[in-house]
Amino acid sequence: MIEVKEPKKKIPVVGLISGMLTVSKYIFKKPVTVQYPEQKPELPDRFRFRIFLKLDDCVGCTLCEQVCPNHSINMQKVDRENPRNKRKIYPDVNFGTCTVCRNCQEICPTEAIYLDKEFETARTRNSFTYSPEELALKENEVIK
Amino acid sequence: MVMPSSDWVELNFGPQHPSMHGVLRLKAKLDGEIVKEIEPVIGYLHRNAEKICEMTYFNDNLIYFDRMDYVGAMNMEVGYLEAAEKLLDISISERVKWIRVIMAELSRIAAHLVWAGAYGLDLGMLTPFFHCFIEREKILTIFTEVSGSRQEVNYMCVGGVYQDITEKAINEIEDFVREFPKRLKDIFNMLMKNDIFLSRTKGIGILDKETAISYGVTGPMLRASGVEYDVRKAEPYLVYDQVNFDIPVSYKGDNLARVLVRFEEMRQSLKIVEQAVKKIPDGPYFNPKAKKSLMIRMRGEGDVYARTESSKGEFGVYIVGDGGVKPYRVRVRSPTLRNLSVLPELAKDVMIADMIAISGTLDLVFGEIDR
Amino acid sequence: MNILLRLQELFSPLGHLASYILAYIFESLFLVIFVTISLIVMIYVFRKYMARVQQRIGPNRVGKFGLLQLIADALKLVGKENILPKNRDDLPYKLAPAMVFVSLVLAFTILPYGDFFYLGSFTVTHSEVTIILLFGIIAIMPIGEVLAGISSANKYALLGALRAVAKDVSFEIPMMLSVLAIVMMASARTPSSLSLESIISSEFLPYGILEPIGLFVFFISMVARASYTPFDLGESDSELVSGHSTEYSGMRFGMFYMGMFGSIFLGSLIVSILYLGGPSGPLESSLGFIWLIIKAAILVLISFTVWLSMPRIRIDKFINFGWKYLIPIAMINLILAGIITLGWGL
Amino acid sequence: MNYTVQVIGESVGKDGRKIIKVTKENFLDLMKDLRNQGFDHLSLITGVDRKDFMEVVYHLHSMKTNEYVVVKVETRDYKVPSVTGLWKSADWDEREQYDLLGIIFEGHPNLKRLFLPENWVGHPLRKNYDMKKTQYINMDEEGNDYATFDERGGW
């Protein structure tokens, strides 16, 4: 336990001037902002945003649908030949409600659903939901 | 001259107001410049997280806790997991405990930095805000480094953490610990050397010990009123009994005391992080028992209350389980709600400017108050 | 030789009266352009300065280095819808921003700018009593703010107007007292001591060196009058949302915004004219305008630093400060000035 | 600890905290007792909807001795005596529990809803609350908000 001390009483204007100097000192320092579209920020290795799906690996176990905290994932029927996925159901993702909690990636038994670094996924309101085929594509290949 | 109460002007501060920290609405009755009485109206950000928690699995609830105190999300996760892991009988390894301590303390610094910047803005100071956020951004980068997200991290899970802390993240934390005190000193000087700042905070909004305890005020506000109560010392959780730190206390109880206590807390948190980074042992970062249950088949019965010290005060989580995979009832003790409830007491017969200065020191975060 | 006379010479074939009228019109136009450009430059500098102090970059998208940012902002403000409050008092509501801006531009017509090479001085009005005119005009500006506050039928705006009145009343007096000291000192050396030009020309040392107390009082009064952060009580954006300009939008808001920056610039100009020797400086006399601008620019930068580094003072403490400290200090300054003047007279 | 009143039972919970169960009649006396014994900090009031009865849980804490005790009281008619006279923090806590669970705290000076608008239908944390019915919120001229079932009457 320590007691915090109030700053000592000073001559009135001196404090104001030293505060002003502290502030104006920073004019000589480099700005920290990143000019976004031209300069991309250096993202840490583990940064994740967009969900991807490997269609061949998905077994349609619906675990990701169950674990999704805000029901962003729903299983869809997709007519596609895959011996491992007998029921032919694959997850779609609504990015409008996705909170990037990565629970689906953690729980997926075959690592079919995973997240990756892509984050520039601006979409209009009605096209947030990505179908399973679109989830398999790279972001710039998705046409909405 | 005393105006009769019928001549008081009624004025709504908020829900949209520059210094109401989100969506607080204060119904104020004014006699000229003097605030005669105020009534806080809350609930504009109410999502009923407690009800949502009853409908989701134990592990999934974490993301709703991230969004309670969204400026210091890791603290909320620690608070929830303290209760959930006791209820589900899942133990965590020593390494996880240390990781959690590091993250909780970094998050405390981040939350206090938001407060310090916003408090400057409340008083009309523009510059400290940006310096606070530059430093906060460094912490958020560390969070991204370990978890993948900046603010609502969802890093911890029942039984451990999702991903192990990396060597690079530890280096970044060490860099931060080395460089932060310089900037903190500058921010501190910008505020504390200023006579106007002192005149706005000294002796204003005095909260005495008895009122504070009776209203359930906790955290830096209570400590500024002279009560040496910190859950990290009173009921050590994780490994807080193995690190060396002090609780800052002031006996003045005014705005300035609260400001100083929070600044000192940042320094103490930094001290904890410094020790924890050195002491962090090897070990598993995840309890295989939780992993085996696939995160959604964990069952718990009984009721558990766990309290932790978040950046705002005592954050308690009370979980009742009925043996199912989802909690039966989750109740959150929101520290800021109690801190806010003392505002009508503090802001009585003060000037409008003082009311803003006082409500700034409460450190309001509406995700947590309204839940 | 100043611009006015040169213009009159240019138009002299049109006859005496017509040439003077045309000369005045063009001269006023020059002045409006000068004020607008200096405001644009000032706001740009302020933004860049603020950004650097806060380790940001500041405007850099519109034009090279963001130089056209302010023009873009002005276009945006003009293009915006004017949202009018329902219960407003129509005439004063619409008059208030114009009043603030017009009185600001009027004040610029009186200042002695000093010579600028061939062009000469910018000054429009030449009179024996410019100092009285000047303080008469700048006293109009707060009235615009008060009108805005009481006419927009908003409690925040009303409180802002009340604060603005209290602030202005308590700071006009020390301001005028410190100006009085200057007039007194000037009267010992020049017969027309109410004219700004003769005040400048009569000094052998800048008055700021002779009476630093007066400089201090006057600078604080000017800061208070321009209402930026330590004393922005009429606006106090974290308490009263935006004070008297809460209900304004579009270009009407823009006028208040320009009015604030304009009065910082005006204040710096007046301080440098009265206390720092104005256009006089070393080197040749045709550089007077440059000297004045340099002096004003330094004061403007100091003002910006004050703005960025200080919290808002509380209204009662502020008025206390005005009445209990500044007025006595100004009185002492007046007495000291009297002693100095007597010394000169002897 | 000694109490002057009869308690139903004492036990230790899963988290190691002492739990005291008490009937509704003896509840207020017990709380007064505990208040006098130094439990100056009412940490939390929780209502748990057990379907056929309501359980109200009080977490009490003593700042001086750092003791902790949990008081549980059951009620079938959703009515519990208010403890606002003993701890100030009970004021908002009880309002919150009234708001979300519909527990009526008898003797509370200002028992209004804390989060939801005053005319909200139902108490959301009850187990039988109908989640299907959407209620929309709007604001009246005074700035107070109200709830409505009309889709166009709010957001």
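Letters A, B, C and D mark the chains in the order given here, with residues in each chain numbered from 1 onward.
The criterion applied here is as follows: a contact is a pair of C-beta atoms (placed from the backbone, for glycine too) under 8 Å apart; a residue touches a chain by one contact, two chains touch by 3 or more.
Remember, predicted model here, so these are calculated numbers, not experimental data.
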{"item": "Shortest walk length in steps over touching chains, subunit C through to subunit D", "value": "2"}
{"item": "Most central chain, judged by mean C-alpha position against the global CA mean", "value": "B"}
{"item": "Greatest separation from subunit B - chain, by CA centre", "value": "C"}
{"item": "Contact-richer chain pair (by C-beta pairs counted) among A-B and B-C", "value": "A-B"}
{"item": "CA centroid of subunit B to CA centroid of subunit D, Å", "value": "24"}
{"item": "For subunit B paired with subunit C, centre-to-centre distance based on mean C-alpha positions, whole Å", "value": "45"}
{"item": "Whole-Å gap between the CA centroids of subunit A and subunit D", "value": "38"}
{"item": "Where subunit B touches two or more other chains, by residue", "value": "127, 131, 134, 190, 194, 196"}
{"item": "Two or more partner chains touched - positions in subunit A", "value": "16, 19, 22-23, 26, 32"}
{"item": "All pairs of touching chains, each written as two labels joined by a dash", "value": "A-B, A-C, B-C, B-D"}
{"item": "Subunit B-facing residues of subunit D, complex", "value": "13-15, 17, 40-44, 46, 48-49, 57, 59, 63, 66, 68, 70, 87-89, 91-93, 96, 100, 113-117, 124-125, 129, 143"}
{"item": "Residue ranges of subunit A in contact with subunit B within the complex", "value": "1-7, 10, 12-13, 15-16, 18-19, 22-23, 25-26, 32, 43-48, 63, 66-70, 99-103, 106-107, 115"}
{"item": "Residues of subunit A touching subunit C in the complex", "value": "16, 19-20, 22-24, 26-27, 29-33, 35"}
{"item": "Of all residues in subunit C, those that touch subunit B in their complex", "value": "50, 53-56, 155-156, 159, 162-163, 229-230, 232, 236-241, 307-317"}
{"item": "Subunit A partner contacts - residues on subunit B that touch it in the complex", "value": "56-57, 59-64, 127, 131, 134, 137, 141, 144-149, 152, 154, 157, 162-163, 166, 168, 186, 189-190, 192-196, 198, 202, 228, 246-252, 256-257, 260-261, 263-264, 294-296"}
